[in-house]
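Each of the next two complexes has subunit A plus one more chain, namely subunit B in the first and subunit C in the second.
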Partner chain A sequence: MSDALLQVEHLSIGFSQYFKGTKKRVIHPISDLNVEIREGEIVAVVGSSGSGKSLLAHAVLGILPGNAVCGGNIAYRGEPLTEERKARLRGREISFIPQSVNYLDPLMRVGKQVRIGLGADAPSVQQALFQRYGLKASDGRLFPYELSGGMLRRVLFATSVREGVRLVIADEPTPGIHPEALAEILKQLKQLASEGAGVMLITHDLMSALEIADRVAVIEEGRTVEISEAAAFEGAGRQLRTEFTRRLWRALPDNDFDLELQGKEEVRIAADRRKSGLLLSKGALDF
Partner chain B sequence: MPLIGENLGYYYQKERWIFKDIHLSVAPGEVLGLSGYSGCGKTTLSRILAGYIKPRNGRVTVGGGELKRNAFRPVQLIYQHPEKAINPKWRMEDVLTESYTPSQDILDAFEIRDEWLKRWPLELSGGQLQRFCIVRALNPAAKYIIADEMTTMLDAITQAKIWNAFLRICRSRNIGVIVVSHEAALLNRICDNLYKVGRD
Partner chain C sequence: MAKSIAIRLVRVATLLIGLSILTFSLIHLSPMDPVNAYIGGDTSASPEQIEKFKQYWGVDKSPVEQYLSWAGSLLQGNFGTSLLYRSPVLDIIQSRFLTSLALMGAAWLLSGGIGYSLGVIAAVHRGKLIDRIIKWYSYTLVSTPIFWMGLILLIVFAVWLKWFPVGLAVPAGVLESEVRFIDRVHHFALPALTLSILGVANVAMHTREKMIDILNSEYIVFAKARGESKWQIFKNHGFRNSILPAISLQFAYFGELFGGSMLAEQVFAYPGLGSTLTTAGLKGDLPLMVGIILVSSLFVFAGNLIADILNKVVDPRMKGAV
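Showing the complex of A and B:
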């Protein structure tokens, strides 16, 4: 593909660990990840906890820990993405919204952190971003520990909105925020894509992701097991290729509630779920 | 011996109240949901109920007695961001066994693997870290557990597994649970009662 912005092929990641003092071993949590993001495209990346989503993001950004050993190829705009290139592009052409709130500087007021790299009109841009994401102007004077969980997420997102961004890597940008702020963030990602940027949206919130994503990559235990068009996520999921993806799709609360009303036993669970303790039996919440 | 918050009020900056006049109570074995917009004070209220901060107004009691400082906390708090609740300089086995030694059954219920125990917190995924925080809170002496956005960043399958295991253990020990979440579907599904913090 000539217009591929980011191409990740057969990415593997291992970590060398020392145990009993001197013995060394290598563990391989990531064995075969493949993702391609074109200009103007939003690709959602989903998968269960520990499947390798954050490591994928960190590999593209060049922020894996020192004991990591990578295999496979990563290309950006047609050329290999070397560690030097990653360092040069990170925070400029390639922006990152981390999953961990520890990425914010604990000693810097959050307004200032958002203003970094915004140029001459930084104060007014920062004000506008705060307003867009439902943060008060006075919140800019707070330190990270003085913000609520959802406010931290919104600040993290605001730090990533920059002129000249071509690739956005967002690792769980939306947990714990209210629907209005969620809608603003989705709108912003869509806008960036319509201006030509590529977006990798790592999220557990498949339903929201489907509103804006073109394709969905599904990761299971360090491998990409499926890449499907967003449109394939409909109905009972018959167009989806793997059982795992179908389970992920059906496990969503919106779908699950429909499912519950189908079988007889399921109805009983729905009706009695608070008192019967059925909820707690194996499989009841296991959709 | 219920957990009761009476007339609770709090501010960080003098006289700028985040909330006032909150009354709530949870019985052993009950599951109470707390909802409200981002920044309305759910985490602040959770920290008060767990005894980490003192309310500016009102009081918190468990079975009639006020929470003691520097003693074991009968009300355990599972924090919204696991990466901030774990000492980055400790290996996971030390994090896990700090307050008690969990049984293999509990580790299995949360799918915590042996090989993770020798690792540092930074070497685990967000969801894996959160599972350690949950197990840590399930101390045999815990009477109440507050789960503050415990599974907000997890996929639906993992979320279901974790709630299933967590609530099963809480019911069997008659632990009262407060679930803080912005997800109405989750709250409706698992809570006996709901309490809304702040204005609409």
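Showing the complex of A and C:
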């Protein structure tokens, strides 16, 4: 689609690494990711731990480690997102809310961290942002270790709000947070979207993502399994397109863990195991 | 804070007591004879005169008695009289310490500054040619004996190129009042350079490791994601997180610095505390030797103490942990 803010097509990410001392190999945690985000839209990227969600965020921002190799296309506002363009846009048009409070500099006062990149009127903007996120002006004088986890999350949000931001990438902003704080964070993301920004919400918490997301991309083992409207996640999930997503949806606690499907799963795993045993005996399993 | 300082004061007191007992016993066991050292080669001294000396100095008393009387006068601030220089030990230490301090101070600042910069450069360009050069340089230097480095510099810059004098702290044969500042710097350059070159390796390699850790940390990834340039990342986060460990390492380095200055001063015949200690040891000037040992251990202890306190006072995360 041409009016897409961010379009990720067939993204693959590999890491070259050494094993057994000197031999080099490339592992591919991400093989085929597709995501599209329009302006003012919230797209939830859902997947289990290790499915490659955070790598997607880091690839879009261009902050992958040096040994990473990317393939596929990423386009931002209709033009390819090259590394130079990423460097120019991040922190200005594309902002990032990281998943852990460890992303704050432990030795810098949080007020100063929010002021980075704000320009001449930084102090007043920072005050306004603190107010918006319910932080006291005096909190700005504190170091990260002096603030609670919830307050640090709000500081992280404050660092992401900048004049001219069109795309917000929130990497797991919700884990380990009590319900009120969770609702607060979701509200803040919704607010960012209503101000016109596209929001990529990376999470493994499907239920809370559905509260605000317009669409949901389901990721498993480095591939996009399905992209559906948030509305499709209802009832028995008949509107969902793939078996994987349907099982994921029905296995949620709110949907009674759907034991019947789990039974089928066991049968399938047993069959797989027989097949792999066959492969091993032929010695066809090589890396 | 007050408690931890009190603990450290107790520690330095016990350290000095232990050290003085150890030095005293070692000297007592050594073949050095203070009376002989005092008389020197003067054979005209009769056995009666020597006996009188022994009585006067109390050498004929038991070692414990000797130690106690020496420690007693030490407590009153009396370090005794140097046998070699015929003047109070404290005066000699004072003047020599100042000369050494200039040397060590310059080397300390230079090696700290250059070492830190090299470490940062190596970490930022990790794995590249410049990193490998800096690493090679540091590893080579760390395994280079300081006197050897001093001799090399001496041969190249003093003997071949004749840029610097071969030794001493001031030109020979010139009145103290006529020595210009530039002369002092001229004499001081080579020993200071020797000391600095070797001090660089330590802090450079340490800073490199620390900086690599910092550059791999999540807050640097986030800084990058926020559009900070390489320079901004260093200025905002790299410097802040790496300078404190580097400075405390540099303070803890006082001991090696002192040991190094001893050798460097010897090579360049530079009249500092180190070369005085060597002379005192070789010529059996016991009061001077023990005095220098005590003062220098105090100096090294002060370096470690500063490193300790610096970490706890300056790092905000250590607030209340002191």
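Assume the second predicted complex is superposed on the first by the 225 of 287 C-alpha atoms of A that agree within 3 Å, B and C clash if a C-alpha of one lies under 4 Å from a C-alpha of the other, contacts with A are read in each partner's own complex, and residues count from 1 in each chain.
One rule holds in what follows: a contact is a pair of C-beta atoms (placed from the backbone, for glycine too) under 8 Å apart; a residue touches a chain by one contact, two chains touch by 3 or more.
Predicted model only: the values in this text are computed from it and were never measured.
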Of the two partners subunit B and subunit C, more of subunit A gets touched by chain B
For this session: Name the contact category of A:Arg90: first (subunit B only), second (subunit C only), both, or neither.
Result: second
Which partner chains sit in contact with A:Asn102 here, subunit B, subunit C, both or neither? Use first/second/both/neither. both
Query: Touch check for A:Phe15: first (subunit B), second (subunit C), both, or neither?
result: first
Point to revise | Touching partner for A:Gly149 - first (subunit B), second (subunit C), both, neither | key: first
Once chain A of both complexes is superposed, is A:Val114 in touch with subunit B (first), subunit C (second), both, or neither?
neither
Regarding the shared-chain residue A:Leu5, is it in contact with subunit B (first), subunit C (second), both, or neither? neither
* Asked: Is A:Glu172 contacted by the first partner subunit B, the second partner subunit C, both or neither?
  -> first
Footprint intersection on subunit A (subunit B / subunit C) at 100, 102
Subunit A contacts subunit B in the complex at 15, 17, 19, 27, 46-50, 54, 65, 99-102, 134, 146, 148-152, 154, 172, 175-178, 181, 204, 206, 247-248, 251-254, 256-257, 273-274, 277, 279-280, 282, 284-287
Seen from subunit B, its contact residues with subunit A in the complex are 12, 37-39, 42-43, 80-81, 83-84, 115, 118-119, 122-128, 148-149, 152-161, 163-164, 167-168, 171, 182-183, 185-186, 189-192
The answer for subunit A against subunit C in the complex is residues 58, 61, 63, 87-92, 95-96, 98, 100, 102-108, 116-117, 143, 145, 159
Per the touch rule above, subunit C residues touching subunit A in the complex are 217-219, 221-228, 232, 236-237, 240-241, 315-317
